[in-house]
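Paired with chain B in one complex and with chain C in the other, chain A is shared by the two complexes that follow.
== the complex of A and B ==
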């Protein structure tokens, strides 16, 4: 009986995993090869036809391009901001550090949906604070529609994404900075290294593994991010900020083309699995120091 | 030994599967959308129903109006869903065809109940030979004009497209003298594709355009009248700059704010708008008039159709308590209940003859206009794919035409071709 005990104990967790992961994934895979009609009922086997439709659809490639820009640009910018603030916070100036660290992490704890709505109003063409400031500074005309202009909508959601992700990067970088041995800086000082050289030759190399993890994680999370884009633009105007997760929703629950929606989600899943594999490789090859 | 593990497992699962067993009938009533006062009224009405119908309990749930299709599709296709629900009347075609809605004309007293309603309003709940619900409230899309701005400019609400364009042009101005336009003639709801389609199509209908052929086999919105309507909007946006530049991002809240702050002079709205504006800016007045007609159709100004939208209450065809659901449906939508649309400003028009002919109805603002517009208005064609076509094909292509990415002719041609593929595919 002892032989079976571990399996019995594992059973609830396995059951849970099957219900929340394996079953939906398998059903989604099956749906992606069916012509699913909720109206008429009955599903027709179509093989890889739905995948062919997606890859031949210009909207998929637009969403793919937008997602890649949103994920990569958003993450890189967030990392830059996070690193800059982490460097500032790493300079000990008493309680100011604690207060600043608290303030800087606020965007991280705000719900993405709430943040999306807030950004929508911040960027409002008539009543938004951004236009108020920029108009007063004479940079733009009042009424410049950031979210209503197909040329600027994607940029706006990237800015919002940066705002939400930089605190995580900042905290990680700060932790990384605090593990760098002071001896290295002292030795560099003895050798007459400038602050600039210390940063590029000591700080950055020591943060390489943290940066790699953050970059991969940030891209994965951004690739999968639905809330911010959906709340701010719904992928518009005229699909200018359409990203893959919003397109999956659009195909599945607006067009009710569940076959195509499932196929797209499988494609997105495959991309995310590849990124996750990269993440594991990065984690695996990380310098323990 | 095996029983040591199996018995507790089975007992645990049995406990999970246990629920409250009721001796009476329990009905699920899903309410989509509605202003707080309406929801409160529905709660009172249901409570009163439960008192007068012992043995029936009603569980009410409030759901998002914007997610009706998603929620109901998911539930219906899983064999679930409420016993009764309120939805757009357009869903009579979509869900009636799918067998999700129960044909209420099968109830023996339907002919009697039918007499409560305005005939053309009741017709909106019909698909093929069946009626799939009882009307709840009706909406006709109209032009609302910011009274303060119109009076200040000394112009009357427009009746023809030329007057409309001219009014929008005159009301578009730089009020602060800083070289930047800050007041616009017209605002459109571009941030919600469905809302956009519902506000644009009245111009097509006023121009005599058929959205589809009568036999529901051919798309017709790309006719010359449709092109002319879209061209009007495109020229107002691109040449006159009299449509708010950021309209593609706007939903209800932005439009309401712009109207209340005198940043826009006109919008295509319905009976809900006065209440919305009043909530935000009490006392702010507006002219409510029919959507303008093409210049050569001025004689038809009062009779040309606008878009009719309607809410209806329906019964889930898979309900186990069809008769009880029908009783609740009648109770929620009878003449007595309909009076509530007269006594309260809830953002839609009553639908029963007795409520509309009541003495109290004479005090309802804009009601004669809405009744007249509803008498001539037309709903979206009752094709099961129509709402999807309007939101997902018609709206995006028309938006591209307005901002100048496509010509109106090309946009409507593309839209018609794609919509026709959907229609053909449906067959």
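== the complex of A and C ==
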């Protein structure tokens, strides 16, 4: 009897995991091979037809391209900003360090919906403060609509994403910086190394493992991210900022085409599994140091 | 001199970083005619808390707040109950398949919402839980579980086995020892876990958006996310909602910053 106790204890949790993970994924796989509509119902077997429709749809490739740009550019920029601020915070000037660290982390603490809302309002074409400043400085004309222009919409969403993600990178980089042995810097100073050289020969190599974890995690999270694009642009204008998670919602719940929506969500899942595999490789392959 | 310059740089960057949030706070205090005014101004003599009251009166935010509170607290309680049983099994028993179960829970944290939403939507509709508090509570519980199990597992491991052995010798059963010894001892850890679970549900947008449809079940993020674009003319009330909605996460972060960052760095850093 005692032998079964742990399984009994695990049972409720497993039930929940089956409910949100195992069952939906299996059902999705089946859905993706059916011709099924959210309104009209229907469950005609169509094999891989839905996948064919996805891959032949220019909108899928646009959304895929946008998602990749959003995930990679957003993560790289967030890492750069995070590293810059971590280096600044690593200069000890007393209690101010603590206060600044707290203030710099706030964008990460507020809900993504609030972040998207705040950026949308700051970038507002007529009453937003950013446009007012840029107009005064003579950089743009009054009424420039950053989110309404297909050329700049994706860029705006990336900026907001960087704003939300850099604090995480900053916190991790700061922790990384504080584990670098001071002796390495002292030895370099004795050898007469410049600040510049110390940064490239000591600081950066020591941050290599934390950077690779941040890069992979950041790309996975951004790849999955629905909130920022949905709140700021809904994928528009004319799909210029469409990303995969938003497209899944649009196909399934706006066009009621569950077959295509499911096929797309399976494709997204496959892409994510590959990225997660990469993540496990990166953690597994890290030096114990 | 160098120190002053660094402090000045830190302050300027802080203002720059917080700009969207500060602008939202300024907007939340302005009357409507000053929100829609060019050139925009940061402060005015007419600033007041009126938009905060208006938002509850004209927009359905009092109802949304109630919904958010119901969903987040029920999800937290349910997650802690189910999660502590599982974490207890992981921390105190050796059994076949233990590592596989741990890996499944770890990986389900990376779950892409878009890949499971359609079947979940259909399932909830079939069993009559679509657009109900209970439906959203069950989904949020399932989403929060992996993280909660992971945290509690760590806290339970930190309690020395001898304490529990003593309880067993005194005639407690395994379940009594969980209830009377382990849970009370890990109370601080459970408290921190509960706060994170609450916030996770409080901030969750994707599932809340797609699994609710009426005002009697929508949560605050859904209200904010959907109104952007629809109620453009009341930016001040929307800003007030956004600011109020951010207060619980900010307070919580202030209280638990040190623990949270330590845990993060230990888990993913190094």
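FYI, the second predicted complex is superposed on the first by the 289 of 289 C-alpha atoms of A that agree within 3 Å, B and C clash if a C-alpha of one lies under 4 Å from a C-alpha of the other, contacts with A are read in each partner's own complex, and residues count from 1 in each chain.
FYI, a residue touches a chain if its C-beta (ideal position, glycine included) is under 8 Å from a C-beta of that chain, and two chains touch if they have at least 3 such contacts.
Computed from a predicted model, the values in this text were never measured in an experiment.
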For this session: For A:82, decide between first (touching chain B), second (touching chain C), both and neither.
Result: neither
Exercise. Is chain A touched at more residues by chain B or by chain C?
Worked result: C
Exercise. Of the partners chain B and chain C, which touch A:256 in the superposed model: first, second, both, neither?
Worked result: first
Exercise. For A:93, is the partner it touches chain B (first), chain C (second), both, or none of the two (neither)?
Worked result: second
Exercise. Is A:148 in contact with chain B, with chain C, with both, or with neither (first, second, both, neither)?
Worked result: first
For this session: May I ask you to decide whether A:74 touches chain B, chain C, both, or neither, giving the answer as first, second, both or neither?
Result: neither
For this session: Mind working out whether A:234 is in touch with chain B, chain C, both or neither, as first, second, both or neither?
Result: both
Exercise. Which partner does A:125 reach: the first (chain B), the second (chain C), both, or neither?
Worked result: first
Problem set entry | Residues on chain A lying within both footprints (that of chain B and that of chain C) | 120, 124, 126-127, 234, 253
For this session: Name, in rising order, each residue of chain C that touches chain A in their complex.
Result: 3, 6-7, 9-11, 13-14, 17-21, 23-24, 27, 35-40, 42, 82-83, 85-86, 88-89, 93, 95, 98, 101, 104-105, 107-108, 110-123, 138-139, 141-143, 145-146, 149, 174, 202-203, 205-206, 209-210, 221, 224-225, 228-229, 235, 238-239, 242, 245-246, 249-250, 253-254, 257, 261, 264-265, 268-270
Exercise. Where on chain A does chain C make contact in their complex?
Worked result: 3, 5-7, 9-10, 12-14, 16-17, 19-21, 23-25, 27-28, 31, 85, 88-89, 91, 93, 96-97, 100, 102-107, 109-122, 124, 126-129, 132, 163, 168, 171-172, 175-176, 179, 210, 213, 217, 220, 223-224, 226-227, 230-231, 234, 244-245, 248-249, 252-253, 258, 261-262, 265-266, 268-269, 272, 276, 279
For this session: Going by the contact rule at the top, pick out the chain B residues touching chain A in the complex.
Result: 1, 5, 69-70, 73, 76-77, 94, 97-98, 178, 180-182, 190-191, 193, 244-250, 254, 257-258, 261, 263, 384, 388, 391-392, 396, 399-400, 403, 405
Problem set entry | Interface residues, chain A side, partner chain B - complex | 1, 8, 38-41, 120, 124-127, 141-145, 147-150, 153, 233-234, 236-239, 253-256
